[in-house]
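Chain lettering (A, B, C, D, E and F) follows the sequence in which the chains are written, and residue indices restart at 1 in each chain.
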Amino acid sequence: MIFLTRRATFSASHYYWNEDWSAEKNAEVFGRCANRHGHGHNYTLEVTVAGEPDPVTGFVVDLKWLKDVMEREVLEAYDHRHLNLEVPEFAKLIPTTENIAIAVWKRLEPAVTGVGGARLSRVRIYETPEIFAEYRGGQ
Amino acid sequence: MIFLTRRATFSASHYYWNEDWSAEKNAEVFGRCANRHGHGHNYTLEVTVAGEPDPVTGFVVDLKWLKDVMEREVLEAYDHRHLNLEVPEFAKLIPTTENIAIAVWKRLEPAVTGVGGARLSRVRIYETPEIFAEYRGGQ
Amino acid sequence: MIFLTRRATFSASHYYWNEDWSAEKNAEVFGRCANRHGHGHNYTLEVTVAGEPDPVTGFVVDLKWLKDVMEREVLEAYDHRHLNLEVPEFAKLIPTTENIAIAVWKRLEPAVTGVGGARLSRVRIYETPEIFAEYRGGQ
Amino acid sequence: MIFLTRRATFSASHYYWNEDWSAEKNAEVFGRCANRHGHGHNYTLEVTVAGEPDPVTGFVVDLKWLKDVMEREVLEAYDHRHLNLEVPEFAKLIPTTENIAIAVWKRLEPAVTGVGGARLSRVRIYETPEIFAEYRGGQ
Amino acid sequence: MIFLTRRATFSASHYYWNEDWSAEKNAEVFGRCANRHGHGHNYTLEVTVAGEPDPVTGFVVDLKWLKDVMEREVLEAYDHRHLNLEVPEFAKLIPTTENIAIAVWKRLEPAVTGVGGARLSRVRIYETPEIFAEYRGGQ
Amino acid sequence: MIFLTRRATFSASHYYWNEDWSAEKNAEVFGRCANRHGHGHNYTLEVTVAGEPDPVTGFVVDLKWLKDVMEREVLEAYDHRHLNLEVPEFAKLIPTTENIAIAVWKRLEPAVTGVGGARLSRVRIYETPEIFAEYRGGQ
């Protein structure tokens, strides 16, 4: 079994805000992240697929195909967007690094499963070089 | 003469929009950056001061002091902010990497000039690891 | 289950020395690291906690809280210190990257266990960008 | 159990070509990588060994020894070489990142197994900072 | 004056060989780089243009345009190529990092000069993260 | 004119202490850096030489030679050493990043001047990725 990973980056805005809370409570819990004007990050996305290398090509999956899947399923919706205001899954869900990792998994999993016998193994999101979240599916 | 540099990072939102243009013209020139919801980046700021090391301390300037100046003059205003909507100098000026570099210079120069004989030598802003702008003052 | 990671850095001195050995034996086994004057590194610490995102905040744990825990439990004791001479657990134990990873785990585990249902999952220490050790507890 | 990792880099040429296919088929599947003149990369190799720190030295394995093993078993054969033309295992096997990870494992495993009770745990190869493959043996 | 920089990467093969020398002399001077099968690198190209930000757009030059110029003038010819065998300027000229920096300047200078009042200011080529060459034109 | 740069790293200990001051004054000015047990860093050294590429080799200087010079003149004295206690120039001079940059210049300049027509152009020292000092000689 080989674990093959491809990275991509996207730039997006977000804020942290719980609609059920007062402004004071939001500021207390989320600090500067509660600023409703939004702030932003250069996110790095790492997608790992697991499988056996095809004996004919030497590929677990074609990395050009994987790049296209990542762009079509994730970057087109997230890059240069305001996550809270423009991405459906974050209309109510707070776009923390943790929730973004799960949301990316849900976007990629149907497109990757079963292609050439490979499976989605891991999604990692870096919000900054100091902070990242990883999701490995409902295992 | 020694050139001493300190880095800091901040996360902010922005968009590119010229009020004198139609939405079509803005979209044509600025592409995805014209999205009025904003998008964001982890900016890296590099500030360089030039001077002679003090023979008593070995410092051109105290790096702790420089960090405090950068935080007070720049990060407090820019970090976790929407540059167009919350930072006065970008109310009309488009916050391109080029213009941010000049704006940071203007914020830092009065605070740095003449401290221990040093002078502000260079401001560099990375919007992403692939794009950066550098300003060396009106020399 | 989400794996959420935060990085921090600290600068410290250390040397490798086994009191039961002669100076010759120490030099033979540990090479330049046996220099009793000490040498130092910029260590990078990566701490991973595992858990479910809280449905109200979207957090596995509050990253600001995690940063404070890392500073209080580890950085305050290790940063700008000589590990052999000033950190109790290395009075006899040689501060190799391996042993530092285990020591950091022991410092963090009581403070992290059970907070919001999360658990300490992994501690990774980079001595340089080329060398790192990882400990996942007594599993 | 500690997982101890050491990185090294090597520069090599390769191309992707399946002898059983026409030139057109190779170009269609492998794109620019099918160029028979070859192209190259700075590969980064990460080797992880797992074991308990020796109570006398604090080492899982001696990192100097591990570096020597990596140089003798891998870098001597791969660095500044054309993988397809000069490395025996790639005479027929296409040197994709996936296949390189497996080939490095096969080269290192006999030299690492059983040394000080440690075992080879993971081999990771970065072809670029954006693409890497990981092999953990036939587990 | 603002100095605006954009990075790009390309992967290429090369070798060092002086046709006027014996194989022994080539091996003596160029070491492992004299291997005629070639070896390769992930090169990083940094292109800096200098100018004043346009008051209407805030741009020294449009970074999308600069990216296109770099791809058309340099990457199309160099990426996934063998520099000695496929790039005209290196048919006789040895593709050292130094000579690549000058060759890239010659490719970019006519396309950049005078665009929006900007000028090509600096070309930097990284052969590895440890080695780079910089050319600033015939100043 | 080409500017050719090579990087190297070394790990060393140091502290900041002015013998003419009281312990209180040292602590007040130098903070945690005044700890006499010392602390340490992974320093990155960047050495730039300027010259014309030799038409026969394509080299400004032979990078293998430059590496040897850096190792012989600097790393042998600084790596895995306590700068204050073991390096002559820091017996009295405080080893700040600024002073290390000047000291490295003085060590390298005689060995580099005039070799193949090149000259030492710049020495840059990173104490951490966030802090660096640059010296360009007495120009």
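Following the convention adopted for this analysis, a contact is a pair of C-beta atoms (placed from the backbone, for glycine too) under 8 Å apart; a residue touches a chain by one contact, two chains touch by 3 or more.
Bear in mind that the values here come from a model prediction, so they are computed numbers and not experimental data.
**Student:** When D-E is set beside C-D, which has more C-beta pairs in contact?
**Tutor:** Of D-E and C-D, it is D-E that has more C-beta pairs in contact.
**Student:** Which of these, D-E, A-B or B-F, gives back the A-C interface, meaning over half of its contact pairs coincide by residue number?
**Tutor:** Checking each pair in D-E, A-B or B-F, only one repeats A-C, namely B-F.
**Student:** Determine the centre-to-centre distance between chain C and chain F, using the mean Cα coordinates as centres, and give it in whole Å.
**Tutor:** Going by mean C-alpha positions, chain C sits 29 Å from chain F.
**Student:** Measuring centre to centre with CA averages, how many angstrom lie between chain B and chain C?
**Tutor:** Spacing between the chain centres: roughly 34 Å.
**Student:** Taking each chain's centre as the mean position of its Cα atoms, how many Å separate chain A from chain F?
**Tutor:** 42
**Student:** Please list all residues of chain A that touch 2 or more other chains.
**Tutor:** In chain A, the residues touching two or more other chains are 129.
**Student:** Can you tell me which positions in chain E touch chain B when the two form their complex?
**Tutor:** Going through chain E, the ones touching chain B are 1-8, 53, 56-60, 62-64.
**Student:** What residues on chain C touch chain F, complex-wise?
**Tutor:** 9, 11-14, 32-33, 35, 37-42, 79-82, 85-86, 128-129
**Student:** Please give the residue numbers of chain A that touch chain C in the complex, ascending.
**Tutor:** Residue list for chain A touching chain C: 16, 18, 20, 29-31, 93-99, 101-102, 129-136, 139.
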